[in-house]
Each structure stands twice: as structure tokens, then as C-alpha cells.
Amino acid sequence: MNKVVANADEAVKDIPDNAVLMLGGFGLCGIPENSIAALIRKGVKGLTCISNNAGVDDFGIGLMLQTRQVKKMISSYVGENAEFERQLLSGELEVELIPQGTLATRCMMAGYGIPAFFTPAGVGTEIAEGKETRVFDGKEYLMEYAFKSDFAIVKAWKGDTAGNLIYRGTARNFNPMMAMAGKITIAEVEELVPEGALDPNEIHTAGIFVNRIFKGEKYEKRIEQRTVRRS
Amino acid sequence: MALTKEQIAQRIAKELKNGYYVNLGIGIPTLVANYIPKGIDVVLQSENGLLGMGPFPTEEEVDADFINAGKQTITTLPGSVIFDSAYSFGMIRSQRIDLTVLGAMEVSQNGDIANWKIPGKLIKGMGGAMDLVASAKNIIVTMMQTNPKGESKLLPECTLPLTGKKCIQRVLTDLGFYEIKDGAFHLTEIAPGVTVDEVKAKTAGKLVVSATLKTIEV
Amino acid sequence: MALTKEQIAQRIAKELKNGYYVNLGIGIPTLVANYIPKGIDVVLQSENGLLGMGPFPTEEEVDADFINAGKQTITTLPGSVIFDSAYSFGMIRSQRIDLTVLGAMEVSQNGDIANWKIPGKLIKGMGGAMDLVASAKNIIVTMMQTNPKGESKLLPECTLPLTGKKCIQRVLTDLGFYEIKDGAFHLTEIAPGVTVDEVKAKTAGKLVVSATLKTIEV
Amino acid sequence: MNKVVANADEAVKDIPDNAVLMLGGFGLCGIPENSIAALIRKGVKGLTCISNNAGVDDFGIGLMLQTRQVKKMISSYVGENAEFERQLLSGELEVELIPQGTLATRCMMAGYGIPAFFTPAGVGTEIAEGKETRVFDGKEYLMEYAFKSDFAIVKAWKGDTAGNLIYRGTARNFNPMMAMAGKITIAEVEELVPEGALDPNEIHTAGIFVNRIFKGEKYEKRIEQRTVRRS
């Protein structure tokens, strides 16, 4: 089972204008750097991006904001980004804010083939407006839907040619759920290995969910908040 | 004297019990990690996907793949576990977190909380706050008693958009520790040197002074 | 001549395409694994939690921790993945399985299927069959055309409790290959040496003989 | 964080009569052998067991059927067990059959704090009787509820003293979801190691879900269908 494509440009080449994308990562941690760069080179427009954050001005999804490729962000937290603010205030950019756990779970449910589920997050807040509510065991819940997306783009640490993925540290975050949730899933990895090189017991994402995989180049792995202690 | 942020963190740290799994929000709550009592074994959860958060790394240890929910570089500890964000909020929703500490802009006497959005100001988003307040069984909200304009943040009703409804039972401010029940803030502990009159003046919501009011030890 | 079980499996194997993920039920479907065409790379899913099921182990390789959905000892292959049962049915429900092959007791001309329960007989349970038939986008049901009493298993309506409703589009029996559409069994291929009259006699449901009827190559 | 208890008897000592238990395993693979033996020694009665299968006559949950400790089985498949058949036909034993994917997902949802969800499994069958149905994107689904259980008893390969677990091979099956779903979760492991001995990236079940852990003795790991090929 060989899902390897040559590079990021090849992987994203059929993503059309106005596509709905999922992009893995939390902050700048575990984001598909190479695929974002390829999307910018390709110049695809009008994107809806489901991603927990929107990057910073000069890294991550922030780069696609600079080039005005994003029509709408669906995120839980979008601070730390001046260009984002400007586009939002000017009305160039739509934003839909979703509680982080709901965001993660709506991705997961897409991968699990479960169209809707109930969560207490947002009950009694503006997030609940227009949503069906329901009481279970005396507690109120909102009904939330699985996301629909055209492409999911994730970043893993190691992957094999069959698309099996292993993430590293907290760079895992949203990547495993999004990998399960795309109509087409693209995975970029730091290390691409042959089938059989990964222990079947240690794989985080099964290759069945991954349509294309490639080895990314020169990961910058930008750090947003470098906090250190004295050694 | 009103409590300092460090003293607030110290008081909260006294709520920690051996074996607790704890989620600490950004700001004052994060400081609690500095005051975990000796002999008390607690595990810190970071909702981006880590249980067993360690201290900040040394310069040599810094690793971009290891961050906390505040996007700060961190380390792991023996016994740490990494997981995805859905699993992480799974443990939050199924109430495996023993104590959640978070900041707020406003709390109401019904236990409503507002801490994510100020109309007219740029919205950054709620992150995991709505999931946390709706799910946690044991929450301490910590904040200053008043905003920079001197207005009380303990209100009859929140004026800002809510983060969660009827979900807060305990609030610790620089002036006192409150239990929220029966539609009122019950002052159970007061900062040393602060008078009940000052607390009254700075509490817009309904205030009940506990018959067993204690002074917070600092 | 009616097809043998091996010939049925061989005919199904021709439906396999390169890159397919396939779930094979117990019985005849399992035999399909023996006839995967050369150069066609398929991955077998076992719904208890394995993708990339290998052959039975040698005596030396037998390991109680590696079994398939039929509880038989099996091996893994390079590229195999292990996962839990919820994740496994996640990939089934979200239609990542390209072909599902399963046995049945009855199929109706509307695409209903019954394969788990006979009233009056001891019930063993549906296992994963209800999840599979309700979720899979591409199912081939394979069974004998008639039951041991000689009664047709291709019916106007199922008489046994259903496993799934309106979910079957293709049935391969020892006598022919049928497409179910517009409330009828469309005979598209016939076993060599079997007459259309014999098929008609053994099909209780509405039968349409395809204008392009082919003989199954064996 | 030390969750170690001395042995199986200690782990199950407060399980009362009429408790609702989840028991991990698929067939005889990955079942909590030691805990089942301890439940038999303890003689607790009237149990409701949520478990994919009911063991065989002389192994697994079958042993608890012999001793008449089980009031009700909630399973997806219960063949291969003569005593089970006898009790079922005589009315001594109640059985609730649930599609395997629904069973797995109802465990998972309990661990995820999601009280209800929608699945297509069983639509139009007797499984759907009395259940709410709902159409999403033209397809009909049943609403199913998260399980409630008093104790979940799982078997892992390796575990550390904090309750973090790693499973091996297809012995993983239902164990990770059940581990998340018990009010009290008991884990038995083949190897018990100190905190820090397991790679945080390779852990399947986070210790936060596990209340008690012990090293099991003499795993028999009975094989139900020994199928071999010539070497």
C-alpha cells in the first residue's frame, strides 16, 4: 500500500478554491509547515480553515492570512496575530469560535462516522444560540455535529509508506482526529519509513485514514513562548 | 492587606490533596504549581494533551514539540502521558480532573462566569474554558475583587457574555474566599487586615458573611 | 454446475482493486483471502482491532494476543496497525472500508438482510454485522441460493429478524451474481452450466434477467 | 501517584452484589483472568456484566456463569458456551445483545463524558425498537446512550504504578474504552513497572482513568481457535 507523493506541492495540487480544510496543530506546535508553504505557492483562495489557532503573523496559518487566502477561520483561540485582527475588524475574514473540546470532538466524530453528539460545553452561553439542547441525568447538553471537510492536513513525526503515523509529544494535539476526518487526508512527516518499520502497537493513526504522505523539508518548529528555567 | 497574586496561589495550593489531578488556567492559576505542599502528590493536566506537566525546560532541554496549553515550552515527568486533544477533553468532560483553577472577568451570585469576551474589544476565543467550566466538578475561580476601574467583579448578574452558567461554587479574590450558594456569595475567609466593610463595599452581588469567618493564613 | 465455495470466493476476489481495504466475514468470505490476484495490494481489516491481517501463524508463531474477529490465531504483516474496537468501528462507520463481504441467511429484493437470528433457535448475537451492513458503502453478500430445505434465500421480504434494512446492493450465490435495485434481483452473471430457468425456480423474490447476462468464469 | 494494590482479591474487595461491571477482552483475548478468579473467590452475586463475549464454559466469564454469579450479560456475541445456553433457556440469565460497534462506542462515550450519540447500526431492526431515530444527510441513525457502570476491569500488557497502560496486539480490543468508562477502574497487567519506565508517547490508557492496578499471576491466555499453517 503506497501512499507516498513526491512533496508538498504534489500533495496539495488538487485543493480547489473555496475548499474546507482541517489543519492540525495547537499554537505553532505540530502544524503542517510544508503543506502551508505549498498552499501559499499554489495561491488557492477562499479557504475555510478548521484549526484550533490561526498561527502568528509570520508563521503557520498566519502566512495564509497575509496572502488573503483564507475566507473563514473555525477555531477556539485566535489571539497573537495582528493581521488576523485587521482582517477581522475590516470584515475581510469570517471567524467562527468553538470551544476547544467541542472542536476536537467534532473532528473525532467525523472520523468515527457519528453525525451528532451531546456536550455540556457552552450551555447557557451565546455558543448555544440556535442549538438543540437536551437534558440527560439532570444536566443540560448541546447537540453538536461532526465536521465536514474536504481535506485534512496533518503533521506527524514518523510515518510509513502506507500512511501509518506516529506523533511526538504535544505536537500530537488535533492531528490524530483531523487525520480521521478529512475526505482526503494529507500527512507530512519528519521521517518517512518503509512498511514494517513502525511497531503496529505504537501507531497513533492508522494508514487507512491517510490518502497521501510525504516527507517534509526543513522543519522550523517555531516556538511561540520560549519559557526556560535556570539549569 | 489584600492578598498578592502569590498569596492567592498559596491559598489555593492548600486545597490540593494527595492524588489530585489538577488543571491550572493561565495567569494566577499557573502560579499554584509553585506552591504544591511537600508530600502532596498532584498531577498537572494540560488540555492540549499532557498529563504530568513538569517545570519549564533548561535552555538545553527546550523542545518545540513539548508545550502546555499556554503555548509555553515545558517538560514531562516520570509517569507523564501524552494524548490527543479529544482524549484530553474526554477526561475533562468525564470529570476525572479533581480540581480546576481558572481566572475570570466576572462571576455572578448564581455561579455564572464570564471570562472570554468583551463586547467591542477584539475577541480572541474561549479556548478550552467553556469545556472546563461546564464539565469540572470542583472549580476555584480566582481573580481580583475589582476591575481596574474599581468596580466589583462579584455581581448579581454577569454583564459580559457568559463562559458558563451556574457552574461556579468557589471564588478566591485578593480580598476573600467565597462559596456561591443559594444565590449569594458566602464570605468564608477574609484576607488579613481587610475589613468586612471593605468586602461589602466591593461586592456588588448579594453577600453573606459566614458565621465562622476565618482569616486567610499567609 | 453451481459454484463451489472456492469458486464463489474466486469470483469475489475479482472485485478486489489495488489499494482496497477489505473486511471479510466468517465462512465463505474468509476464503476470498486465498485468491487475491497477483499484483493487487489489499489490506484486510479485522474488526476486533487490526488492519493488515496476515496468514495463520506457524506452530512456533502462535500468540494468544493476536486473533482475528473469528477468534482464530493470526499474524500481522509489515505495515499492520493495532487499534481498539471503538477506533475499528470508527473506520467502519466512516466508510474507510472499500469492500465488505459477508454471509447471510436471507436477502430481500429491497436490499434488506437477515443473518443473525433464527426465532426459536438459540441466539448467539450479531457481533459486528449490524454495524458493518449499516455503514459499508460497498458490500457483497455471499450465500447459497437456497437453504438446506431447498427454499430460496432471495426473497420478496425477509422472514427472519433483520440485520440491516435497504443496505445490500450485490449478492453472489452458487447460482448467480445479482444486483439489487428498483425492488428486484437483477441477475447479471450466471454460474456456468446453470440455466436461467433454474435461477428463476430458486429465486422467490422478483427477478430481472440482465440483457447483458454473462457467464461467471471459473 | 501510586495506585498499586497487592493483588486481585484486594482490587475487587469492595465490588458489591448486583454491581454493574465492564470486563475487557474479545473472546478469550485480553480478558482480566486474575480479577475474574478473584470475583469467583469472593462469591459476589447478581452481577451485570458488560463484555463483548461471555467466555467459554471453563474460562473467562464462563467461569462466573458456572458459579451463578451473573444476573445479566450485555454483549454482542455469546456463542460457544453451553452453560450460558442452559441458563438463558431456563430464564436464569438475562441477555441484552448490542451491535459490537455500538457496544464499543457506548463504552467510549462514557469515558468521553458524552451522554448520547447517533449511529446507523441497527436501524430498521429489532435493535431499534423503542429508540429515538433521526435522519442526518438523508441517512437514518439511532440515538444510543453512554453506558453507566460501577466498575471497569481491564487487562493490559504493561502498566506503571500511576496506572498508565500499554496493551499488546489484539488483546487491546475493548480494554482502552472500558478503562475510561468505569466509576472505578481496575487494571491487571502482566508487567508492573515504575513511573517513568513507559514512554509517554506510547501509552494507550492514561493513568487518570485507572484507580487500582496490580500485577496478575500466571496468565493462561487460553486460545479459542488455534489456527496454524505449515511452517
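Letters A, B, C and D mark the chains in the order given here, with residues in each chain numbered from 1 onward.
FYI, a residue touches a chain if its C-beta (ideal position, glycine included) is under 8 Å from a C-beta of that chain, and two chains touch if they have at least 3 such contacts.
All values derive from a computational prediction rather than experimental measurement.
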Q. Chains shared as neighbours by chain A and chain D?
A. B, C
(Q) So, comparing C-alpha centroids, which chain is the farthest one from chain B? (A) C
Q) With chain centres defined as C-alpha means, what is the inter-centre distance between chain B and chain C in Å? A) 56
Q | Between chain C and chain D, centroid-to-centroid distance (C-alpha), Å | A | 29
**Q.** Geometric centre distance via CA averages, chain D-chain B, whole Å
**A.** 36
**Q.** Junction residues of chain A, two or more chains touched
**A.** 105, 112-114, 119-120, 168-169, 172, 200-201
Q: Mind pulling the residue numbers of chain B that touch at least two other chains?
A: 50, 76, 82-83, 86, 89, 92-93, 135
Q: Pull out all the chain pairs that touch, please.
A: A-B, A-C, A-D, B-D, C-D
Q. Any idea which chain D residues touch chain A in the complex?
A. 105, 109, 112-120, 134, 136-137, 139, 141, 145, 166-169, 172, 200-202
**Q.** Sites on chain C touched by chain A in the complex
**A.** 19, 21, 41, 43, 45, 50-52, 76-83, 86-87, 89-97, 135
Q.
Can you tell me which positions in chain D touch chain C when the two form their complex?
A. 26-30, 52, 75-79, 85, 88-89, 95, 97, 99-105, 107-108, 119-127, 157, 168-177, 204, 221-231
Q.
Help me check something: in the complex, which residues belonging to chain B touch chain A?
A. 46-50, 55-60, 62-68, 70-74, 76, 82-86, 88-89, 92-93, 112, 122-131, 134-135, 161-166
Q. Any idea which chain A residues touch chain C in the complex?
A. 1-2, 110-114, 160-162, 164, 180, 194-196, 200-201, 203, 206-209
